[in-house]
Amino acid sequence: MNAVRKITSLLAGAGLLAAASTSALAQDKTVKVGLLSDFSGVFAQLAKDVEDSWMLALEERGGMVAGYKVEIIKEDSENSPQVGVQKANKLIKSDNVAIFGGVISSGVGIALAGVADKEKTPFVAGFAIADPLTGKFCSPYVARTSFSANALQSAAGAYWAKQGVKTAVFMGPDYAAGQAMLAGFKNGFEAAGGKVVLEELTPFKTTKDWGPSLLKAQQTGADMIYTFYAGSEAVQVVKQHAAFGMQEKMPLRGAMWIYDEALWDAMGGVQMNAIHVTNYTNALDTEASEKFEKAFSDKYGRLPVASNAMGYTNAVAIFDGLAKAIEENGGNLPEDKAKIISALASLKLDNDPRGPVHFNKDNNAMQDNLYMVQIVEGPDGKPTHKVIDTFPYGEDLPGCNMK
Amino acid sequence: MTQLAVSNISKSFGALRVIDKFDLELAVGERHAVIGPNGAGKTTLFNMISGWIPPDTGRIEVEGLDITGRSPQSVTQAGLARSFQKNTLFDGLTVAESLRLAVQAHSPVRFNFMQPARKFGGLQQRAHEIARQMELESVFHRDVKTLSYGQKRQLEVGLALACSPKILLLDEPAAGTSPAERATLVRLLTTLPDDVTLLLVEHDMDVVFGVCSRITVLNYGRVVASGTPDEVRRDPEVRAAYLGESAGHAGEAGKS
Amino acid sequence: MTFFLFNLLNGLQLSMLIFLMAIGLTVIFGLMDILNLAHGAFYMAGAYFGYVVFQGTGSFWIALAVAPLLPLVLGFLLQYFVLQPLIDRGRSAHLDMALLTFGLLFFTIGLIDLIFFETLGLTFMSIDKPAGLGSYVDIGTFYPAYRLFIIAVGLIVALIVWLILERTVVGAVVRAGVDDREMVRAMGVNVYVVFASVFALGCGLAGLAGVIAGAELSINISMGVQILIPTLVVVVLGGLGSVKGCFFGSLIVGMTETLSQAYVPALALFATYLILAAMLIFRPQGFFGRTPKSV
Amino acid sequence: MENTKDESWHPLVEGDESRHDPLDEVANADHRKFLITALIGLVVLIALPFMVGDYYVSLLSEILIFGLLVSGVNLLLGYTGLVSLGHASFMGLGAYATAVIAALLGYPVWIAMLASILISLLIAYGVGLLSVRTKGVQFLLITLAFGQMFHAIAEKTRVTGGDDGMTNIPRIDLGFIGLDADHDRVFYFFVLFCFVVAMAILRRIVESPFGRVLVGIRENEKRMLAMGYSTFPYKALAFGISGMLAGLAGSLWVQHSFFVNPHIMTWEMSGEALLMVIIGGSQSFFGPLLGAAFYVLAKDLLSEITEAYLMFFGLIFVLVVAFFHGGLAGFAGKVSERFTRGKSGGEERQ
């Protein structure tokens, strides 16, 4: 149904009918918001999670921000920067969105940051955790509501070193995100007295067998393996790690991606008792978290996961940022769209399900705490999270020179 | 004057000696046929002379220029063009386009990549001339794949002739043709320019005797006899080895 | 030293998985000149159907036995009713079929995406290993039992294929067909049925590989494309159409990938392609391939 | 063409275009038909951006950029009969060269563009020298191998951001004619200008004796050798030129999207280029352009309906290979033949 409407609008926009569509109706004030995310490709599940939270946040606001009716236009960037750029162009030039957000992939995120900066249209990354997004490529038109790789991983590294873990093997895919995670973890871990004894970066997307890497890790006799893998690679690594009988001797740890709830079925049970860091879990019992959990499960009949929480922050920041910018501009959408980002970045999201979230000078989200969780058997016999520790958040890398 | 000199060439595939110390000298304008039963080594001989297979020993010269072991394209550039027993044509092109390509191969414009080929009218003229010579004028603009089999055989010869060769090697030009088509071919071959030297492998004796003035008989890679048609016809060894058996049903299309 | 030995085992395991894929592709190419780029699609068909059967029955073994039948049947239908008629109508076996099957691969990926992700909402799936194979065995170090199972399956399939090709009448026909297609036609054998059957068996083996991989790796939308490239490398390395070559080619690719990852990780991404390119430049007919039939 | 007074057939004698050589009627008619088609196409391409919204202007730029890429691919596939699965890597080379020279080293974009064209020509020629000795499936695989290696290098290179890539790449400075290429219509006309120049040159090439040799190689390489052509340098140069077109496409692409990353050089991208060529119709000059337009527009539409649009393209592709060998161009040719009394479709057969 949605698609049909879009086709009509497309046809209206297409070519010769352009003249007819110019008679825009102006009785209702509408603000268009682009939800551009990786709805197909390896991040499809995460993108869907983000979309669900967007819809929840919109519903909570009655579909309105500061007197404007919100129209969400959904586009799929397919985990491809090329497609992402094309779709962003469509959102900006054809749909005239005021702001767009959502994106999961770092590569797409960086590409979109460039478009946003050029086209002077705000972009708020929903995931896209690459450091340069709010570092080297930062812009008054770009913000991020998730976190940077370094902030999360350096905090996790420091945590484990303080827990008495002396040596660790890092395993991850050999591409920008993997390298950034390694650098972040190493920063925190080694500054707190640990030592990364082996940096095992595997060819991205082409590795089929982690046996050689796991064997190499065994050789080092390190206290643990710290990993960054996502999606099918995560499933394979976790399963193969278990198959090599290493769970006791050298536990496999990481951040939420490696033990993502969406992968539990595919892991077939070997994920039990694993410990990982996350910035949100539905096992949190803060007031804000419980409220979100209830609202979400009322609407969708299931518990929210970390990517839902991040999608929620993303949507809340965008909607409330828009509202604030409109209010500051006397009830009208500001001409200079950079004001939307500056309004957004001045928000204090104290009731975020992840815990209090605010933005730093690079327009990047910072949250007060991170959580260490374990996958345990829940009361219904199904796996669930247990929060075993709470520890402080890390810092962003420098590198932003905003004009 | 000697146009083509083949001296002492041999070729073995594994233990099998296909051509054994073969010698041949062709004078300018000579019409020469190589005949022999299946498996006599005729096609191998042709492939060696035209550069597709290097000989194990021996030497091949075109007008005194050593071409032994050269690539097919460089042999052709030296003035020796060949046709194939099995149609090797440009099925997707027209007769005109095919002939033009052959003419162009021996023109300095073949490396030109910035001017329309259309503008080199000489190529087209020469191609048309060859078509006339090969009696393909009426199908000049037709697609090659729509030609009759006989016309395809004529084009097969035409493509070699369009290379303006000094020596023309024809590999069973009449293979698979009907008697009428064969008669056309014989007529066309006898009217080739006088300065073109012709070397022919052929099973069909009508073609051989109708076109050639000298014949070499090959059997098991060895020359059995060589001389005028009459001499060869009278040679007892030839009669025993070859003609005797197949004289009755000459014209059978051979395969090798 | 043991590190090296275990790496060899890992390499062997990967080699056998690739071999299961490559053997079908090799024989199909040798016999019919068709470079079946849709082979990756049949691998996926095996894995996804295996998942469905596994979900339905809860048994790995039933999935392993039943799932390859789908690609097998589809393969037969594809060759007999689509590819062969097109070749007979003058499409080039070589290029048109490579392009067509390439399109088919895209089609299958899209179709599976539509069914499993868009409709059923499944992204990452896996088949549970059967009891006994799910654990590890202690052979100096802990080693996954399932990997030994993969090695065994690969070797057994290699042996069976070899026996069929070398020792049976069907094998004789197929071998003759690889050497000289016209001759088989002249022998009065119904080549089309032979072609389609061989094609089907190749696809079935790809499906088998899919089920096996579905338990060790994970079932996802890019698995077909991922396995396709090393498989193509094997087919080229071994020589298009050579079974012996395919076996050794699989060993070379599997070992190269494993050992380069273990010892020179910086090269791991390049190693296979370097071998492929070097091979095609210096010995395009492969290690065991025949030289091209005609010049 | 008048040439009769000259007894020799020396081909260097250039004909006088104003006169008609009855023998070359077909070629001349083809050429006239080409000029008319090209002119109509050009008028449409100039008029369209004034009739559609901004987004569609950027889609049009994209179509032209892909048009350059697929025309390059078609020089090999349609004209020479070689299927390359590595052409995205030359597009990537051109893109990265422009990004590095303009954004990292700070040179003017026009210098970066010229350098990109040159670099992609040279590297493609080098790869061609190594690849074109093979053909058919072997050629497909060797180009795939080279493409994957270039892709791997791009992923491993830290200065260009590895897999994440680089953004904020400037567009060409058209200040000297008082225009700002950051405006989409302005940039579109710049792309159109590059496109027309490149296509005119490409047309010259395929119409030249060199271009005819390529067609001969496609039809029957053995015969070409037997007629005395050293086919190898022709194929290597064709590979170089086609890589150069891909490089130009890449150089325009980074300016179009302000962005480059290794995705642009994956073999799936090369596959998509093949898809465009085949759907549009190889062996025809305009076919691949139709294919690019169809692909970009249909993808834009289909992706609104379903995320599994790859399925439809796969299906269309299969159907075209199986039943409509001429692709869209062949189909258009047949339709136009019905309306004109035309003999054999001139444009379809090059």
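Chains here go by letter, A, B, C and D, matching the order in which they are written, and residues are numbered from 1 within each.
What we mean here is this: contacts are C-beta pairs under 8 Å (C-beta built on N, C-alpha and C of every residue); 3 or more make two chains touch, one makes a residue touch a chain.
Since the structure is predicted, the reported quantities are computational estimates derived from the model, not experimental observations.
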Farthest chain relative to chain A (centres taken as mean CA coordinates): B
Which of C-D and B-D has more C-beta pairs touching across its chains: B-D
Middle chain, criterion being Cα centroid separation: D
Euclidean distance of C-alpha centroids - chain C vs chain D, Å: 34
Centroid distance [mean C-alpha coordinates] between chain D and chain B, Å: 40
Distance from chain C to chain A - Cα centre to Cα centre, in angstrom: 37
Geometric centre distance via CA averages, chain C-chain B, whole Å: 47
For chain C, residues contacting two or more additional chains: 113, 117, 229, 269, 295
Overlap residues in chain B, where contacts from two or more other chains coincide: none
Where chain D touches two or more other chains, by residue: 155-156, 222, 306-308
Touch relationships between chains, expressed as pairs: A-C, A-D, B-D, C-D
Chain C contact footprint on chain D (complex, rising order): 81, 83, 130-131, 133-134, 136-138, 140-142, 144-146, 148-149, 152, 155-156, 222, 267-268, 271, 274-275, 278, 306-318, 321-322, 325
Residues of chain B that touch chain D when the two form their complex: 50, 71-74, 76-77, 81-82, 84, 88-94, 96-97, 100-126, 128-129, 140-141, 143, 159-160, 162-163
Chain D-facing residues of chain A, complex: 3, 6-7, 10, 13-16, 18, 39-40, 44, 76, 78, 80-83, 85-86, 89-90, 92-95, 106-107, 110-111, 113-115, 117-118, 130, 132, 137, 174-177, 179, 204
In the complex, chain C residues that touch chain A: 3, 6-7, 10, 13-14, 17, 113, 117, 123-126, 128-129, 134-136, 138, 141-144, 146-147, 216-220, 222-223, 226-227, 229-230, 257-259, 261-262, 265, 268-269
Touching residues (chain side chain D, partner chain A) in the complex: 48, 51-59, 62, 155-156, 161-169, 182, 184, 257-259, 261, 263-264, 300-301, 303-308
